[in-house]
Structures are given as structure tokens and as C-alpha cells.
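Next come two complexes, and both contain chain A; in the first it sits with chain B, in the second with chain C.
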Partner chain A sequence: MNGFKAGRRAVLGGLAAAPYIGQARAQGTSPSGDPYIVGTLFPMSGPNAEYGSVFTAGAALAVQHINADSMLRRPVRIQAEDTQALPQQAVVGMTKLVNVDRAHYVLSAFTAVSKAVAPVGDRAKTVMVNGGAVGPDLSGLSPYFWNVIPLAHLETQALLPFMMQRNLKRVALVYVDDPLGDAILGILRTALPQVGGSLVGQFSVPRTAQQFAPVAARIRQTRPDAVYIASFGAQQSQIIKQLRDNGVSQPLVSYSAMNIDSVRTLTEAEGLIFTTQSTDFEGGDAVTRRFATDFKARHNADPGTYQVNYYNAVRLFGLLAQSLERENAEVNGENLRRVLLAQREFDLVGGKGRFDELGNMSAALQITEIRGGRLVKVG
Partner chain B sequence: MLLLQLLLQGLQVGALYALTAAGFALIFGATRIFHFAHGSAFTLAGYTFLFATQAGWPWYLGGLAGVVVATLFGLGIYWFVYRPIQRHEGSFFTVFVAAFGVGIVVQNLIGMFAGRGFASVDTPLSRAVEVLPDVYLAEVFWVAIGLSLLLFLLLTLFLTRHNAGVALRALHQNPDLLRAYGLSSTKLSLLAFAVGSALAAPAAILTAMTSGLNEAIGHQVMLISMAATIVGGVGSLRGAALAGLMLGVAEAVALSFVDTQWAEAVSFLVLFAFIIFRPSGIFGITQAR
Partner chain C sequence: MIAYFTNLASLGAIFCILAATLNVAVGYAGIFSVAHAVFFGLGAYAGAQVSLLLIPDALVAMVVAALVAGALSLCLALPALRVRGEYFVAASLGLQMMAVTLFSEAKTLTGGIGGLTGIPRPHILGVEVSTLPVALAALALILLATALLMRGSFGRTLQAIRDGESAAEALGKNVAAAKALAVAFACAGAGVAGALFAMHMQFVNVESFNLDQSVLIMAMVIIGGTGTLWGPLVGAVILLSLPAGLAFMPFIPSTEVGAVQQIIYGLAMTLLMVFRPAGLVGDLSRGKSHA
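For the complex of A and B:
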């Protein structure tokens, strides 16, 4: 029997993403024929599921816009696979997307997940685009693996001079024991001494750890000026809360993963400093303004960095596929890459998106502080 | 001072582990049902308290609501899931899979209704202050220790002095004899699920205040409960409670000697040590075969 069989992860992922995908599909009636499949490898359940909802919201809005504008001859459809942010689940999901769903383009997130699925996509010559993970080794992972987010080394390059200006020189690091955490540890080890700082303590925590009061006791002993947190999902909020509850009063600093509602609204996150991408929604170009207006109309909230990134990732597919349709060329990984390298510059949310030869998009960064539950630009 | 700090933190976490593990051990000991969805009772109680406090309810009403929801969940899962399965074939594996499925459903329902992110109850009780040089303690420490002691005292009195409690212990030891005396094992199983699930609520409420909740927290709770039940001796309530406390303390105090990433592994080293050197657990009874 060759009929379609939905896996548990696909069903769960589909159910979790359904509110977003349904709205996206409802708009796309003009294009006809078999849809282009944009696969998503996001955590739709488990402790990192908040990211899955955020990422999907951005991607779904882009699909809605592409279909509504009849940008392509065929409609675009999202096929969600729930990874739970785990590499094993992600490889299963990616294999299904490539071999069963015949996905034309796959959206990935999380460093460990992205590194795990890249060989699968590479073998199938399926383009994978990351808009959420920041591990520096995601650059050049495969010719078919692109990044629409600045990676961690760029974020720390922006943050460290700012920290030195504020005299936050002695840094303790709490990092999750996975490729992302290891990458940030490596960066801080080398970059801090170069700017006049020092790494006074490094505390690795397992991905499943929930208790950080003892870690706070160890951090206090190192007498740091600031504590850098390199984690994600529910765990990063738990770390912030428990460090603050247990006598760590020094400034907390981090990277763009903190740009989610559960951190922003956390009382203990007041004063948290982290790097994010800089996007001017009001004074920007027409693409940016349309994105911001429609996002607010649909979600009754301002868009965040991740929604921008995954909107851009899908819009990039629309623009590349449009070029290929004009050439009457097949929309596949090889051709998508060829057009990307030929054009390099695209009209995306936030302005012109420029890609290097490895498929990394450059983006402006800013330093943000949480004040009264709001994000305030401080550098 | 670091050792004292870690010991105090370990006692606080261990007290919560003990309450959760005791609930699981009570249910497993009395009914022999591997109630994998015990973590869901914990999660539901925590989120109920969270919603109640967000809605402006006084803490005691929120706490009561958490206990009620956990209890109703325990009663419901026994009546609508385990009992029908046991009536037909009742294999251990079928019950386990059903419980696992219920856990997944609860996790996703909470994710849908409460959001898929971190949530916590903001309270000054969890803010630690320096009580000795470089030793920080929050008021919630005393609440956790005091509440655990009180609940274990009440539970012990119930199981030793009250007829229903004595019958529960008998259900564990000889269910056939119990039925011969005309007692209903179904009613006693319901009682075990009610009391066991209710015991998870205080731990969930205190967890919502200290380390916070997410919809997937139930799995972690179950892991600790299972480990404590095995270390304490399967069927032994006091063993599970003591083992829960021990695991919490071991996890924290281990940081004096090992790197932070090994803290969780220490719990499981303790578990392996018991499985190898004392398979019957702290208070378990060795049975000759």
C-alpha cells in the first residue's frame, strides 16, 4: 500500500502549526497545480515549543503573501514536522520531508537540529534555511544550507565592546551542553581576552536541567561583573529566574534567543541585555511596512526578530522560485542556489538582504535591554 | 559555606521530589499500576495554581484548586482509562502505553491553552536573602520543608490509624484477602489515586514559584518519581520519600565535587548503585525466587 501515512511528529507538528497554516492557505486561491512544499523543522511540542509557534507565524505570513500576490504559478504550502528541538526527531522529519513530501525548501532552527539535518538536505540537494539558530559553524555547513540570521560570533562581536564600556569585564558563562553552548563558550574564551575581559567561570548545564539554584551558588563564588546565559527555550527563563532568586544580582547578558515573550514578560528578566537584529518597521520600505501591518492585524502584537527571519526565508524562496519560473527552469535546490548566487541581493523585510557565497545573509545588529517588560535599544 | 548552601538548596528540592515520589509510590504500591501520567497531575496542579493567581484568586484558594484538579485527574484516569483496560486484559504494557498517551495529550492540551513557554508565579517567597556570609535562603525553603513534614505526618497517621489507610496497605500486600473480607478494591484504588495525585499538588505549586513550569515538565517529574521509587524500595512510601529527598540533596551537593553538567547524572548514579548493590531499595523486601 502506497497511500499517505502521517507520522506522529507530522500530525503533532501539523496540529500545532494548523492555526497559522490554515490562514496562509485560505488566502492562496489564484495559483493552481501541485503546491510548492516548504517544510518546517520546528519544535511544536516540548520545552522549546514557544519558538515553533513564533517561527511558524512568520513563515505562514510569507506564504499568505506569496499566494495572495500570485507571485508563483503554483501555490505554496507549509508542511510542518515537529522536531521538539531534538536532532534525532529532526533527522526523521527531514528524511520524510525530502523523500515523502518532496519538499522544495526546508526551514530549520536550532544549532544541533540544523547540524543534524544538513547532511540529509545536502545529499538530496534540498535547500535548508535557518532563521533561528546562531551556532557559528552553521556557516558553510552545506552549499544548500543558508542562514538569514547573524550567527553567534557576529552577535558577540557586537556585544563585547558594549560590555567593556559598561565595565562588565569579568564574565561568568552558563551554557547549555549542546553545539550552541559549546560554540559560545569557544567564542567567549578567545574573544573576551582580546577586548580586555576575562571568563571567570564556565558552567555547563544539560539540556534537560531544571534546577539552577546550586549553579547560582557556584556563580556567586566567581564574583563576576556579568553573567552570560547561552541557553534557549523554557530553560533560559528558568536560569534567569533562579539566578535572580538565588542572589545573583549582576547584570545578565545573552544573545538573540532571549527575544521571546516568555522572557520579556518575566519579572526577573528586568535589566537583561542581549543582542538582536535591528529592523525599522515604521520607516522601512514597502515590504517591511506590509509585513508589520499584516502581522499586527493577524496577531494583535508587534512582530519580533524570529518572525522577520522566517518571513524573509520564505519570501526568499518566493523570489528565487519566481526567477526560475520566468526562466521556465525547474524549482529545485541546485537552481535555487544558482539564482541566489547570481542575484545575491533581495528585497526583504528590513531592507535589502545581501548574501555571501556561503549563503549567509548580513544584517544590522543592536543591543537591547529589557526595561519594564519592553525592549529598549541601548547600543 | 558552599557546601552548606548546596545542602540547603538540596533539601528544598529534595522535599518537593519526596512529595511527588511519595504520591507515585502510594499509587504504584497499592494498585500495582505504573501510573506514568502522575507527572500530568503535577503539571495540571501547577498550571491551575498559576491561572488562579493570575486571575487574582488568593493563594490558598489557588492552592486548593490545584489540589482539587490533581485529585480529579487521578480519579478520572483510574476510572476512565486504567479500570476499563484492567477489566479486559490489564497487561502492564497496555496500562503503561495508555498512561504515556494520556501524558502526551495533557502536555499538548496545556500547550494549546496555556501557551508553549515558560511560566512562573511571581512571589517574594522565592527571593533568597543572605542569612549567613554567602549563604542565601528564601522563605519558600521553610514552606517546602514544613509542608512536606506536615503532609508526611498526616499521611503516616492516615495509613496507620485510619481504617481506609490500613485497607490501602492491605491492598498492596494481599488484594485477594481484602476482597474476601468484603472490601472493594476499586474503591480503595480510587482512594489511592486521589491521595497520591493530591500529594503532587503542593510540590507543583512550590515548583511554579521556584523553578517555574512548562507544559513538558511532567516527564522530568516522572523520571524523578520512578528513580525515587526504585531507590526507596518498590511499594515503600517512606522509602520513596526518603529517596526523593536524597536525590535532591545528592544533585545539589554533588556540585561541590563535580562540574555543573554532572549534577543530574549524580541522581542516576545513585539509582544505578542501588540497582546493582541493593536492588530491593532502601526499605524494599528481598524476595527469594
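For the complex of A and C:
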């Protein structure tokens, strides 16, 4: 009887202590405890839902790697909020992430969404990282708003010498009527003459426009050497297709927004030239190779720029939080920013990522061309 | 958690103002406008510019927004005087589309697609205040004004116009003046909501004032019940709280909330129109087919 009592106590005591034993063991081997929350403010429904899935794939792989490597003492978990790429929904989602989920770090995308959530994150001192929108007005929104994507003006400038080499000097621009389009228009107006080119036509299209036959006819009248497309979202494929359908046979050029499946697999996009961040998936550093290998194994497809960006955004959180854990400091917005400004340079996919004092990352750019549905580096 | 619910409640109060004011036009006067977001936008831009350039006072911003939206509502009232029914819906649709283009292009006033950023939080007499009490007070005043107006001769005139415009005119009612006043009241209220929205969000751009927003406000009124004081409020609360509520359902993956929400919206609207065509708070005998 006594033996049974002792045994029962031992069992009860063991059961009571089991969670703590598990935790103690886990401290040494794998992350445990309350997870670090990485919030995402992506469009998961609506016309821009394709982007939400693309962005999430990159972020999810980084979370998997951080947890598998026991990079941090606590696991990392993604908490998604659907914004439909609309500012009002984004503010509701951001307020929930900050106040209910207590997110440590938030990923955002799309210019209007980023601008809308910046004041909320600024008040809460929660770091927000954009890896998808490239409007130059996203720089310096808040000390806690960072960009892990080169903003559009940098990409356009990087493309111009290559265009001159290929003798694509007379350029027609189709641009979406928003800050992104305005910024690219401004750069082409000023920078093209400086490198020996000229802007022979500029055609503004509303963001919701889906019919581009009249634009194509006007482009043909300008007889350009190349057509620069400054648009994003579901509109991009339509512009490319309708330009080709309406007899615009000149080379099409653009920026990294074209690096999505719906464009890559479009027959009419064959020969499209655009800038992306430089990433050598096969011969690059270990971080880059691991990302590329695991991404392909998981999705049976090559990764794109956006997946790289959001992988880098989450990896950056892992690196910053790791530094803070080493110095036993709390992982919060203020400390994350302090470490970012102290270190400035990080090993990310594609090589070193360098941040300026506004939290904007600069990275090497490359020029790619779509050939047979695949991206080929051409410059 | 409190901050989250305060934010939701603030947006809820703002959309209750929008639904309640649209109800004056749709529910009481029978003017089916799908351009309410235009006046919401006008109020938002007016309120934002007052806060940015003059003084971040919520009362001043709301008054200016109401005046701007109310005065420009003549753009809607003028076609309203000439056409009715589905013809007016088409006219208001045209106004909505034109306004979105103007909002996008008038960059010095609206910031274009990029919008206006850095709008100060609401202040009253120099003291920063939460949006919620200001929005609730504005909503209470608008509801009180609506109730008083609709109980009086003006309200009876509007309802007579709604039920039979020619008959009301034959009885000597000034249909043109009554319609213009109803539209001005509804649009001024939308302007107040816009000013509150701008100060609450601290950012406005044209994406908040497009046709989708107008349709959403209309859906709030119809689901709650047109021509009732409380119906539009019920509709606004339901349509705003649905996505927030779904986000807390543990069995729905957070990445699928948007898709589930769209399905539920569609299903709920269909079922509602079949079983309660007059809306949740509306008269059960209205709207059903008796064939």
C-alpha cells in the first residue's frame, strides 16, 4: 500500500513536473516557450492574393530555418492578417498584431498599406519591414519602418547603362498613375538624357485599367527602341499581353515586380528584361544555396525576388534577436533598431545586405531576361 | 486587447455614421445612391487638410468636412431631381467613378494615389483625444437629428416621396427641395465620418473611397434594414465585426480568413434577402413576394 502511495505520488509529481522538465531539456536543444510572433500584413484574398502567397512562402521558409537551427531560445511563429492590399483592413490587422498578438516584428507590403500601418507601428515601437513595395516615398516613414527591397528609383537607374549597351536608346514608358510610376517617370526624364538616351513617349494608365490597346497604338507611333513598363499587380500581365497582341514588338523592360509566376509563364513575356536583386542560387554563399535548395524542395519551383526579400526580412529578425538574446536584452522594437544601426551589415540571401540610417537596405542588382519561362541573368 | 477593440469600435462608430446618413437618402427618401463614399472621401480630405494646414481640432475638422461635403452634394442632388429609380443609381455610379479619378489626379489636395500622410491625431481644445468618444458623440447627434427630422413633417414628406413621388407632388409637396435637403444632410454626415476617419487613420488615400466602399455602406443599410433608425447600425456592426471575429476562429487558418469571409458575406446576403428582405431590423412584411 505504502509502495502504491509512493508510486502514485511519484507519478503525480512526475506528471506535474513533466512540462518543466521538457522545457529545461529543450533550453539546451530546441527553442521553447512563448513564440516570437512575426506578423504578416499581406493580401490573402482579392485581386492581389497571388502576392500574399508568394510573400508568405519566403517568410515561412525563413521561420522553418530559424526554428530548425535553434537560432533563438524561443520558437518563431507567423501570425497572418489579410489586408486585401487595402489600407483600412491593414490598420485593423496591424492594431490586432500589436495589441492582441503582441507581434515582435511585422512584415508589410504594398505602398498604401505600408503608409497606413506606419503610424500604428511607430506609436507601438514595433518594427515593420517591407519587402514588396518599391515606391521611393516609403523611405523614412518611421524609425521602425525598414525596407529590405531596393526602392524603384535605384532599380531603374541600374538598368539604364545596360539599355544603352544594347542600343535601346529611344524609350517609351507605360506607367501606373501612382507614386511608383511618378518616381520612375522622373528618373527616366532626367537620367536617360545623361546616358545618351531619350524618353520618346510617356503613357499614364490608371491602376485599375485592364485595356491597353489604345496605349499600344500610341506607343507604336513613337517608334521606340524599348518600352519600359512601370506597373504592378494583376495589371502587369495584361499590359505585356496587350502590347504584344497589338503589334508592339520592341523589347519590353521593367523592374523586379515582374518576377512573379503569372508574368514568367506568360508566352508574350518571352524576352522581357528586368532588374532584380542579384542572387546566385547555385554558386552563391551557404545561406543563399540553402534557401534555394530548400525552397525548390518545398515548392518544386525556383524562388523569386519576393520570396528572397521576405526570407531576408525574417532572417534579419532572427539575426537581430539572436544578438539581443546574447546580451540578455529584451527583443522589442527599440532594441531591434539599436542592433540594426550598430551592425548595419548582415549575411542574407544574395550576399551582404547593408542598411542605411533610415532602415533601407541596399543590395547588388542584376539584370535578367525571361527565356523559355525561366529567368536568365544577362547583366 | 483594449486598444484593438477601441480601434475596431472607432471604425465601427465611423461606419455607423456612414450607414445612418445613407439611410436618410435610401431608406427615408428612396434615393438609391452608390456614391456615398465620394462624400466620405471629400470629408476625409477636407478634415485632413484642416488638420495638416490649420489646426488638428476634431470639431473644426468635422464642421469644415460637413460643409464641404454638404455643399458639394448638390452634384448628387441635381441629377437626383431629374431622374429616379435605377436611372439615379446609374447617375450616382457615374459620379462615383468620376470622383475616384479626381481624387487620384488632384494631387495637391489629395496626395493622389499616394495619399496624405502624417495627419495629426484628433484634438479638442488643444488636448489629444481618442477618436472613439468623438465618433460616438457625432453618431448620437446624427441619430438624434435623424429621429427628430423623420418624426416631423419633413420626414413624412420624404417618406411620401419614397412611396409615391408623383402622388406627393400632386399633394403639393416640394419634392425638389425635400430631396435636395435629404441628400445634403446625408452627405454632410458622410463628411463628418470622413474627417473622423482621416484623423483616426492618420493616412488617407483614394482606395478608401472607391465603389467597393460605397457598395459596402449600401450593404450595411440593406442588411440592417432601410428606413429604420437602428437597422443601419446593426448592419454596420455586423459587416465590420465579421472579419475581425473570423480572425479569432482557431479552426480557420489565418491565411484563409479573407476567402472564408468572402464566402460568408455572399451566403449571408443571399439568405438574408430570401428570409428577411427588409433587413434584420426592418418590417417583416416589406419586400417579400406575394405572388
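Couple of notes before you dig in:
One rule holds for everything that comes next: the second predicted complex is superposed on the first by the 349 of 379 C-alpha atoms of A that agree within 3 Å, B and C clash if a C-alpha of one lies under 4 Å from a C-alpha of the other, contacts with A are read in each partner's own complex, and residues count from 1 in each chain.
Definition applied: a residue touches a chain if its C-beta (ideal position, glycine included) is under 8 Å from a C-beta of that chain, and two chains touch if they have at least 3 such contacts.
All of these numbers come straight from a predicted model, not from anything done at the bench.
Superposition of the two structures on chain A leads chain B and chain C into a clash.
Contacts of A:45 after superposition on the shared chain: both chain B and chain C are touched.
With both structures placed on the common chain, the touch criterion links A:266 to chain B but leaves chain C unconnected. Of the two partner chains, chain C is the only one that A:96 touches; chain B does not reach it.
In the overlay built on the shared chain, the residue A:242 is in contact with chain B alone; chain C does not reach it.
By the touch criterion defined above, A:177 reaches both chain B and chain C.
Contacts of A:206 after superposition on the shared chain: both chain B and chain C are touched. In the superposition on chain A, A:234 contacts chain B only, with no contact to chain C. Judged by the touch definition given at the top, the superposed model places A:221 against chain B, while chain C stays out of reach.
For chain B, the stretch among 63-71, 81-89 or 153-161 that collides with chain C in the superposed model is 81-89. According to the touch criterion, the shared surface of chain A, contacted by chain B in one complex and chain C in the other, consists of residues 44-46, 49, 52, 177, 206. Those residues of chain A that touch chain B in the complex are listed here as 12, 15-16, 44-47, 49-50, 52-53, 177, 203-206, 208-215, 217-218, 220-221, 233-234, 237-238, 241-242, 244-247, 260-263, 266-267.
Residues 43-46, 49, 52, 56, 79-82, 84, 86-89, 91-93, 95-96, 98-100, 111-112, 115-116, 118-119, 135, 137, 141, 177-179, 182, 206-207 of chain A touch chain C in their complex.
Every residue of chain B that touches chain A in the complex is listed here, in rising order: 2, 5-6, 9-10, 12-13, 107-108, 111, 115-120, 122, 126-130, 134, 136, 138, 210-212, 214-217, 220, 251-252, 255, 259-261, 263-265. Chain contact summary for the complex, chain C toward chain A: residues 1-4, 7-8, 11, 101, 104-105, 112-115, 117-118, 201-203, 205, 207-208, 243-244, 247, 254-259, 261-262.
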